[in-house]
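Next come two complexes built around chain A: one with chain B, the other with chain C.
Entry: the complex of A and B
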């Protein structure tokens, strides 16, 4: 279902064919792997050393009290009737944003994907100009999704608020714009990877392009497309929480308000609600993943339809507002404000410095997430035989669930109590959150592995760590690497949301520009962030192409 | 395994129930119903803010005979954007956000301010471990050179704009002469907590929040000390949106202004509202009072 390495490759920059050619064959994979490893270690050391500052102090022991106070409240969440009612309502709002955001993304994906596929742009004749025109069209369609996709949901949300105001559609659209773009990209890749013989046959028989797509390609695409839609749903819920934090409402808002008031007992009520929501969706996904029986999909389909209807009713978006003159006026004002872009107050040097810092934050965050994720995943993987192993496994899975249920900005504020300010607490916050996501994915990889080699080593008396290192890691390294690289790109984009603690990088710059309503400079900062994500994406491609 | 679909259905029942159970909150939808939407910048504990704004909402509702709803926002800049988009009718802004909102929203009017706002102040606080001693002159702010320092929200007048201005007056450039870059804690309360925890060595905030917190005993004054109170400046005020007359009839802006100015504590209810605002009464205000804020905002790149 959530076959992320595949998703990662489908989401990555550039058409599939270009990727397949890639760098492959020029370098021996093992040697290339070693080179990349060295590059990574150097990059990590460089990033960390630039975060440490002059006095090399990292931990603020004096803040430990405030930090533990937060965790102590976990044992006594506020369960008063009023708050519980508000929490249920907030959970419904978050869920509704996620459901409608996903629905819209998938619709956009279905409509736009054909026009982005190589199948669509494949030359009908071999004539030169036509070939060139079509190649140009393909490239253009790919470039068109890079921008909506490269801008973080939170940034979309903040921009949309100034046009649509308090309308719940802000939350839905903020999810649907970037996710719609990436869904269209992935669906077009699925189209291109599908068996095209039936399509060609229909075309030869005189069927139009649309008819041929519908009858010749669509049936074989459904499973993959549905799987991806569900993966997007999981992502949408996480985004809905973040959007709530910046004002869209729901659990994110409730959590932020409680946190700002230092009402930790109430914060934990919201966190537990997020845990329940996350666990339900995990269960649903795992259930779908385990089988392809028609019945399962039918039940899920019905549930989804009910959820969609319930979401529309719950959010009650004001469609009238879309067509009002005021909205149009506000939109044109925003566009007027945003273009032409201008450099930040500090000029190019500030922009470049902030971009480099963003890159460094992403390197530190993903390194932390991957190393910690790998260690915990082996414990968290299901299939433990002894009772203590099972208890430990359960505990590890709850830890992973918790770390990904708490949104990064909250992690950032917590880390700030015990780590001295700067980009480091922001990077750690993102790392902890990503650890929750990667750890779970890693655990799935470990669960899927053939346990034979490991058991043999263990029987021969190898200690657990050794049997893990020699039996599990080599077999899984490809997928682990693919997961990590995929999340690296996501993490780079998410550096923008830990700007709340002035963590650093482009997120911090964007926060400053937003406070001064410097829209032209905001455009530049957002473009820089898109460029950093693109760079990370290309680096990931290079790593994967040369180590395959 | 065949029982799994049933389990999935059961698992999702509560989710569906909650979706269906909580009807949409449509009191805010659309602009046709005449509900006055009041708001305030999120500069302190949201629970107290809500209690304060709901008390005002109740007062205005009975004084003006209209429905009044308090709309909470989580972010200073978003509050300005929502005002500009016409989603908030009356907002209690800080000095800077008020200027930003007024410049961005043609037709917005100044309504009133609290008696304490005409001469508002910020306090500079320091973690006790720094050993910074209290001082009386702006020039003393050089004590914060090379310290880890935090402001409140980026858009806060008393937590950022004026403190940064006074630091500059003392010759301390917050961009280059602190240890690392300045932090932006997000709110006055957070500034106290982070300086108390030692995450930052110094910070600046709204004098009113500082006094309220020390009076309530929620500050450990062994760990964090007040070292300087700034000279006065004009701060918080109420703005009315340009659509008020369209939505509530001609002359409504004036009625609203009068209702605010008549909030003088003549009844116990009014007394309670004023107490929550930390004010004795509300007084008239004009654009001239905020010219200095606008000017400083321009120097700091916060007003364009």
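Entry: the complex of A and C
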């Protein structure tokens, strides 16, 4: 987990070999970097101008009162005993979604990963048909996880709610389906990347397959796999909140209900609960990442086991209902509704327009997040020596914590107070949320940098900004770019959750279709979203391959 | 203690009765009763076992370490009474070379060389140079003195280890300092390259008004390339001789190390 960009790159489309080779050699990296920069600036300008154009008024001064009222309530959250009890209960539900969702994802990952690995599909004989068959198998297995992974947890949640109703397991399953697929993908890549020499050696010495695997391969896989599992846990908790907002229960639901009732004091109680939960998990992750001692993982493992048992007890899932005839009937009816897909009411033009809008929203959001994140991260990075610098750093870290603890739909509702509806508030909301995530990752990058060059420059009397520009920015830019590109793809997928509150793009289309029970069209919209995410993924792959 | 040969030049570094101890360290003081004068035009090697205090002595000269007792005078200024701005002004005239080169790999060579100018450039000049490199002639001249003028526009992390060492030296050349301090600059190099790097290092102070203080593990190299050799052990100066006379002390240093 010390190297998230590497792990993030494992989530990307395409086998590792292709990424390593990429387009390199054909395009000069430096020239490619400039070309991409120009492309990006043009895309951003185009997106912004299409959001702002057509004499759109942007700021809605009428909502200013509600907006300030909301922030004023931060100082006086509702701390009544009843609400606090409900909040703790809701937090436990959210945590349980996250814990069980992660557990299920990791199990799916472990079981499915071998079948997705190139190692598994490596041709045994050199004959043509065997090669073709094996390559086809690999492609098919990869394609099979592309769909569950490309669809956002919230969409899975919406679909599952219509089959299972308000079952607590909706939250768990909605996380486990997409996250299980992505975990399987990452684990299969780890498997392919692992050094196989010890395994082959043990096999040659006569060890059985399982023994050889346990002694020769697992030890080198374990650190990467555990780190990634914890990273998924952090993501799962965030997703659990969003799933709550669409009805699965927990803090997300409490937040939404309070917001709809304009009970800002209660909203803030839920936000503070989210902050505490987020801070605890951040600390836990940092604790595991920074330390090398084996004891840390052991203690955390026991703690996780307790959490899993507690989560099962808390959610008390009713498995019988799952396998009841009624569930099966609902599922088949839903499948009937969804397939075959049909075009939305507005035809291809509406679908394309919404897809383009989604793409534009993701571009604006990630640009906002990356620029603001870079500026704040330099302040937020630990290592300041003077007291004012430390206070400022602490404040910056709290800001980042707040922006990423509050889920994007809530940011969208807030932005909608002061900005007229449309894709722009959605993009701003996503940008604010992603800013919290990127800012923290950036700060970690800056903290982990070799301080040598910077100190040398400071010693020979360079102005602070100059030594920052010469020593810090160039050293960090590769990882910052990798993080930003990785989050860009995530952001494109997340446009759907701000779209649900009416903020534009494919998400808004999806919500309209859901409200009108137009299931066949929903399928098409979801497929369009998967296509947009794939495009973004391939673009970021191209950028990463040509700039190093 | 006498300053040894070359005492006609002005004192660039003067340590008088300096004690340094690091808080919380289990061992004895890092430096004890050290007197040392380095004059303009001198190339002085510090030799001695690990932990003898060589690095501490070099760090004293940049003001990074403050003495518990005694006085440190660098480039004519006593460091003890200096404010931050005045200390920065002194540091600007000191070039430092470390065993780790502290280059920024993703920057082009020209920027890593120009980093030596940052003490004199304004923030604006520094930033604009990243877009359109300034003073490329000076950078090219420095690189041709270290033998890699053709690498001016190459990316630094694409250079070999030896070439990177030359970039670091060129950075000191464009900084144009009056005092060069080098802490184990060649300890990770093979003998032939170490000799070459030390030759280039001595060239950075070719002008008679300048001085070089370099800590070395290789006794032969110190004798061959420097004017003066100072032996350190357990924080004390054991000997301080012209290089020509120091050869016979090698045995003594090894004996001391064993003892």
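To be clear about the criterion, the second predicted complex is superposed on the first by the 516 of 548 C-alpha atoms of A that agree within 3 Å, B and C clash if a C-alpha of one lies under 4 Å from a C-alpha of the other, contacts with A are read in each partner's own complex, and residues count from 1 in each chain.
Operating definition for what follows: a residue touches a chain if its C-beta (ideal position, glycine included) is under 8 Å from a C-beta of that chain, and two chains touch if they have at least 3 such contacts.
Source: prediction; values computed, not measured.
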item	value
Contact breadth on chain A, by residue count: chain C or chain B	B
Touching partner for A:33 - first (chain B), second (chain C), both, neither	neither
Partner chain(s) touched by A:92 [first = chain B, second = chain C, both, neither]	first
Which of chain B and chain C A:341 touches, first, second, both or neither	neither
Touched partner set for A:137, first chain B, second chain C, both or neither	neither
Touched partner set for A:198, first chain B, second chain C, both or neither	neither
Residue ranges of chain A touching chain B (in the complex, touch as defined)	53, 60, 62-63, 65-66, 88-89, 91-92, 95-96, 158, 161-166, 245-247, 253, 256-258, 260-263, 277, 280, 283-284, 287, 290-291, 295-296, 299-300, 303, 306-307, 310-311, 313-316, 318, 320-321, 326, 330, 345, 413, 416-417, 420-422, 500-502, 504, 508, 511-512, 514-518
Sites on chain A touched by chain C in the complex	30, 450, 452-453, 455-457, 459-463, 465-467, 469-471, 474-475, 477-478
Touching residues on chain C, where the partner in the complex is chain A	62, 64, 88-89, 91-92, 94-96, 98, 100, 102-107, 111, 115-116, 118-123, 126-127, 130, 155, 175, 177
Of all residues in chain B, those that touch chain A in their complex	1, 4-5, 7-9, 11-12, 15-16, 18-24, 26, 28-30, 42, 45-48, 71-78, 80-82, 84-87, 100, 104, 129, 148, 150, 153-155, 179-184, 186-187, 189-190, 193-194, 196-200, 223, 297, 300-304
